[in-house]
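Letters are used for the chains, namely A, B, C, D and E, taken in the order the chains are written, and counting of residues starts over at 1 for each.
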């Protein structure tokens, strides 16, 4: 008999925290608020750890519990059911763990802010939804979490709601996510229509009866594509990535937790969870891979030109998510999840470190106004360094293992292609470039705070103006935050950073001897056999043929080399020859502008969707149809009746003889009628 | 499980507000007492109405067994009223109307609370009208006699029109007349249809007519059925309101006093969808099936069109009004999907919309009390002076845009999946509503609450008082409850929906035979 | 033959009187024409054997009612009829309509009613029979006429008397 | 022997003359006279039909019609006097305060 | 047929016309009392008249105990005639109540006024029970002449005498048509008794002349009930006549004429009924409602509405007798209740000289006199046909009767019309409730008599709307015993 894990408690604990803080927090002291928030999120993490320790005792590696029926209509039913397998266990640990760390960090980071209780309430709420998403035993409950994290994201992005950019960014995030959710929903409808259930076990059991749709787009392909749309929204993939850069308006811990480590990976998790479908829909898989590749590549290019430290990280996140998508697209789910995990460590850390930098510089986000911070904030610097190296894929840091795995699978998997690999490698080079650009600009050279900002040709939108306006609520009270004001963050912030730094270093080692892969393999195995889609084992695998192994080593070398080139260029341009970037930008003005403006995608969307919708709704639908057609039509007919009535009045001329005339006429008509029917 | 109350409970619930109104008529003109009394009456009615779901005899779930002959209508009371045209006082509720009755009794006390201060003149008349309206609304939902139904149907018109016209704002007279004429003109078509049915069957009893139609005992039915269907449908479509006849709604809402808007959006519109469900589906299943495609197209237009127009409204209430057009389009879509999912969802959505849109109108009214305007540009940054208010507002907005675990989601999801199951394209188009609702609601929320306070006058706005919070907590809690434990509602609804679908299923099976 | 001649003579009187009534512009002339019509009609009644009717036709109609008319005309000193623009409806719709209607009725009378020729004095109405009918079969109508007359008297008194001026003026 | 239809046609003619008179005359008194003409037309029909059916009730009817005519004349002329008193005119075309 | 053999009238004969006798006696008593009571306020005479009408109401009950023919088949007392008797006498009583105030304000000669009302009521009552065209004609003339005179009672107002003149001349014109029709009918059947005519017309071959007779009689009667296209006098007369009188003449004589029309159509088996009624009903409804849309004078508006209501009522005439006649009877009753009530309010509100009869004058009545506004609202709602009021049930019943006879088109037209009609009644309600008071319009307290009249009409309107069962039952029974 399997033990009772009480999985439902795991999401519920943060919810309780959220409720307590949300309802009564305004009366609490900051200490109490943080105590509540940390207690409940920590309890969730502890419970998760406990579950993890108990997990091996489950022989099957599968655990499910159904707490209650949620919706039941006709023959459809959805439960409050929870489901635990290796995949969700890993996600649970990542989410609860990183989440807990970031909670701790936030206590320090947000200490000065108004709405402290509100922040922690939202943060706990996010954990609740995220854990629900992960532990759900059916798509509908997953969707609950899915939408819920969107809500939490909305609330947290808009946390500083008095700032217009923050408000707009929150809204944008929610709406763009809704576009993705629309696809998700339709996918669910298709599942309900054809399989009658949304429960993972039941559903996958019946889907397993289908053979892969190798040609054309069948049912499973459609479902897979629709789910992919949902995933694109949540995981910020092309074409729905636009919200994530804007989402950086939220407080930095939020960016770390939601927009780097956990929420944005929900799409990857969902695709991995739905692997049964994707395995049978190669066309959809290809689509995922292509989207992932493109996203990785283009986001990296955009990341190279950003000057806002958080924006760089945001594009980097998009790019890394692209890698994960690529992995899922080529059916290398393990690789995707692996990268998800390492990414959670180093990208979470990067954001936290960036937050620490901003904390130190009094809210400065523009890298051009930083520099030379290395010595001022050493702990932050070293953490940041660990994470940067990790993301660049330098061995033996965590990112190396996962990225390399993905690149190899992109080439070698049955669904792979050298094109994926090529783009992946170039992206890796660019990643190294922009990350080290950030690193150099921030920590090396002279401190440039307060200097004129015009040395770059144009300002990217977003943060600059808000900063110039001086209305940054994040700003530390002291007005003169010169070099003298730069200070290391408090311990409560540093501890989580250090923990994550350690993880960024060692996190990748779990793949040694296929530990990670083997752990996850029951999930992605198809009913006892391996996945339908063959993925290649890694170089470290003993059973790999020599030739394959050699190729893989070569590939690995190439990607590390690409990273090295990137690092070198970054060093050259931003440390050695700081004037060159401007010159290059002027030389390639058009391209530079295009990339700087994120390929004008926001503008394109505005022109294609937002403006026509608003103008069309206003002028065509509302003023046009509603007022000028329907209402006017009703008014016209009323008017017509009134005119008719008015002309009828003139029958009533007041003249007696006219009246008699009418009577006589009427009488004649009656007589005529009666005589007519009277004569057969 | 029968109790002694069972036969009289519906009558009591229906007429207690009326009795209260009559007592108010002779009551002294002390405004505070009047308000307290109205509150007491409506609360009493609400408590009594709780009897209905509490002792409701659950029918087994449709999927569990194919039931036949289970008790569809409960708490029935059938007494002859007028002998010569065979009119009965026949009341009873099934799983659908039970909740609509409850929705009415639930919202009315809130209306009383929310009108506490905002109605300062002619207070007595106001509460009399409100209570009379409640009786009429409940009457509509409990009537099982077509005459009685029409009786209450028309009776809702007057108090509502007077509420709009007497206590409304600016162009209230125009709005009241428009409201009255639109619904009145439409409902005469229903009257004609009802009369025709009586002429041919000799009874107004819903069940008897249904049986007669089902057994083919009505002469000339095949010829007349399309027209009868249309007659009923037109009346209901205007009430809902469906796309081309919806323009009375924004006007009525904008001008109506808060309580009027709450009941108008919360309950009155449901009369239309309820009617479609009960009569168009119940009496003319074949016609319903035949006409479903264009009706669903209208519903879809309503969903998308309403949302798009809502998006660009400069007036808060107008925006919410158009959102109602959108949401009720969803309900109609669900009804005409003829799937258990769709119908369950439609009924649930009716209730959910009643709660959340009712609450939205209350919120808008609270703002109006302070600023005497609904123009969105007059606000901005309100979350700073009024954080509690902003929280409530956000919560209700979220429930309205269908966030899972709140009430809007369940109905929306079921309706759309039902519609999708019936006609995939319709489901897909309807699902775009998910995007639109987020667009207009969040945009509105941003413009009203976020950003900095633009107008100085808004700086000094007071946050919610105790009374206002008392009025807002119930819908908020209800929104959450309905999202988390929708089973409480669905359990009751599902049985009724199943019996509503039974004739349709029979037709479908008959249709497959040559 | 004599019957026919007499009928024609009286009929001519009737029609001529009626047309003259329409043609004359002074009400007095019209009134006199009406007297001619009534007298001739009395003759027709005699031809039909309705002596009683003929008698009261002369007494009541020609004698009483027409006198009343003439009296009022004199009292009000009514002059020649004005030629006011009048009513297009009456002329363009009413008159043609009525003429068509009458034509239809007349045609019906001629074509469709089983109307045999009747001799002069076809149905003598001796006063006894008439009295029997009036005071037995038609007793109630006869009594009711008293109410009618009463009303007429009251009406004439009310309407013809000058309006009271003593009551408060508003 | 005169066919009964001759009487009837005569009565019809008188009735029609009355109607036409009502329609074309301006003087209220003359209009009233036209009504009398119509009544007389009807009376002739009654008497003629009475002869046809050998039913004296027709003649009785005529008697009552005359009573009615007398009553009407009394009232009517009183009304005319009242009108003349307020309007100083007997032209019906000028009595048109009430309209539309 | 029991009384027909006796040489002299028996006691039952008198009992069967007891209400008429009571009314006549009181009518004459008032005339005698008038000069004796010169110094007393007109209310004394009014009280006497009220007493008379109440006694007549009691007499109606007595009369109902002796069903059968009287005075050698002149009148027939059955449930049908009792129904209309009751209706007419009740309306008379209410109108007398409403007149108390009016008399004093307007300075009207009360003796003649009440006398005429009572004696006019005699004619109307007789009309409903008469089964002989002679008597019908006489009764019709009594009621008509009485109302001609009553219309001109506002002596100082030029429009009042004009109304009287128009009504009189056109009324006589129409009477002549009716009379000629009777003559032709007599020619076609050889009798003036409804029974005999009915027997003749229900035979296999209907004489062609009867068609013309029916046509002309119909013209005369349609004129009296203000059915289009013979409605044309109505707005002018209603506007000019004193308000209580309009309340009277738009209900009681109309009900009586409808009774006659019912007898003619159903008891005399008038041929060509359905097509004729169809057109006339449709025209009346449409012209009445359209005409009312642009009126600003409440009395005129109600005049147009009464045309429309005649149309609705006529719809029932086109239906099969079993459901049509009760429907028509019920309609007549509820229309009487609501219309008398409405005119009571109008006459109270109009003040001396009927100065306030414009719709705008009613602005804000709901604040200056909420009760009066509420009462008028109920009547107007009833006229629209909104539930809980008699007007609703009446319309419902009429239309359902028509549908039972497959008159779908007419019903559609009817319901559409009633929807359009809602607009102009609503205008009045809107003005009362949704406009600010104008200030200069004085609203005096409702005196007792007027209050009683309003209360009675209100009670009747609501009663007929909520518990119409008994009245409908009675009407149904009347038809049953009448036709079978």
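The rule is simple: a contact is a pair of C-beta atoms (placed from the backbone, for glycine too) under 8 Å apart; a residue touches a chain by one contact, two chains touch by 3 or more.
All values reported here derive from a predicted model rather than from experimental measurement.
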{"item": "Touching both subunit B and subunit D (chains)", "value": "A, E"}
{"item": "Pair of chains joined by the greatest number of C-beta pairs in contact", "value": "C-D"}
{"item": "Distance from subunit E to subunit D - Cα centre to Cα centre, in angstrom", "value": "26"}
{"item": "Subunit C and subunit E: spacing of chain centres that average the CA atoms, whole Å", "value": "29"}
{"item": "Rounded Å distance, subunit B centre to subunit E centre (Cα mean)", "value": "43"}
{"item": "Distance between the centres, which are taken as Cα means, of subunit D and subunit C, whole angstrom", "value": "5"}
{"item": "Per-residue multi-chain contacts in subunit A, two or more chains", "value": "649, 652-657, 660-665, 667, 669, 671, 675, 678-679"}
{"item": "Interface hub residues of subunit E, defined as touching at least two other chains", "value": "134, 138, 141, 145, 148-149, 152, 155, 161, 164-166, 169, 173, 177, 184, 187, 208, 211-212, 216, 235-236, 420"}
{"item": "Shared-contact residues (touching 2 or more other chains) in subunit D", "value": "8, 15, 18-19, 22-24, 26, 31-32, 43, 48, 50, 52, 55, 57, 60, 64, 68, 71-72, 75, 79-80, 82, 85, 92-93, 95-99"}
{"item": "Which chain pairs touch, all of them", "value": "A-B, A-C, A-D, A-E, B-E, C-D, C-E, D-E"}
{"item": "Subunit A residues touching subunit B - in the complex, by the definition given at the top", "value": "68-76, 140, 143-144, 147-148, 151, 154, 158, 161-164, 166-168, 170-171, 174-175, 178-179, 181-182, 185-186, 188-190, 192-193, 613-614, 616-618, 621-622, 625-626, 630-631, 634"}
{"item": "For the subunit D and subunit E complex, residues of the former touching the latter", "value": "8, 11, 15, 18-19, 22, 28, 31-32, 35, 38-39, 41-43, 45-46, 48-50, 52-53, 55, 57-58, 60-61, 64-65, 68, 71-72, 75-76, 79-80, 82-83, 85-87, 92, 95-99"}
{"item": "Residues on subunit A engaged by subunit D in the complex (per definition of touch)", "value": "649-650, 652-657, 660-661, 664"}
{"item": "Subunit A partner contacts - residues on subunit E that touch it in the complex", "value": "165-166, 169-170, 173-174, 177, 206, 208, 210-212, 214-216, 218-219, 222-223, 228-230, 232-233, 235-236, 271-272, 275-276, 279-280, 287, 290-294, 420"}
{"item": "Touching residues (chain side subunit C, partner subunit D) in the complex", "value": "3-4, 7, 11, 14-15, 18-19, 21-22, 27, 30-31, 34, 37-38, 41, 44-45, 47-50, 52-53, 56-57, 60-61, 64-65, 68-69, 72-73, 75-76, 78, 81-87, 90-91, 94-95, 98-99, 102, 105-106, 109-110, 113, 115-120, 122-123, 125, 129-130, 133-134, 137-138, 141, 145, 148-149, 151-153, 155-160, 162"}
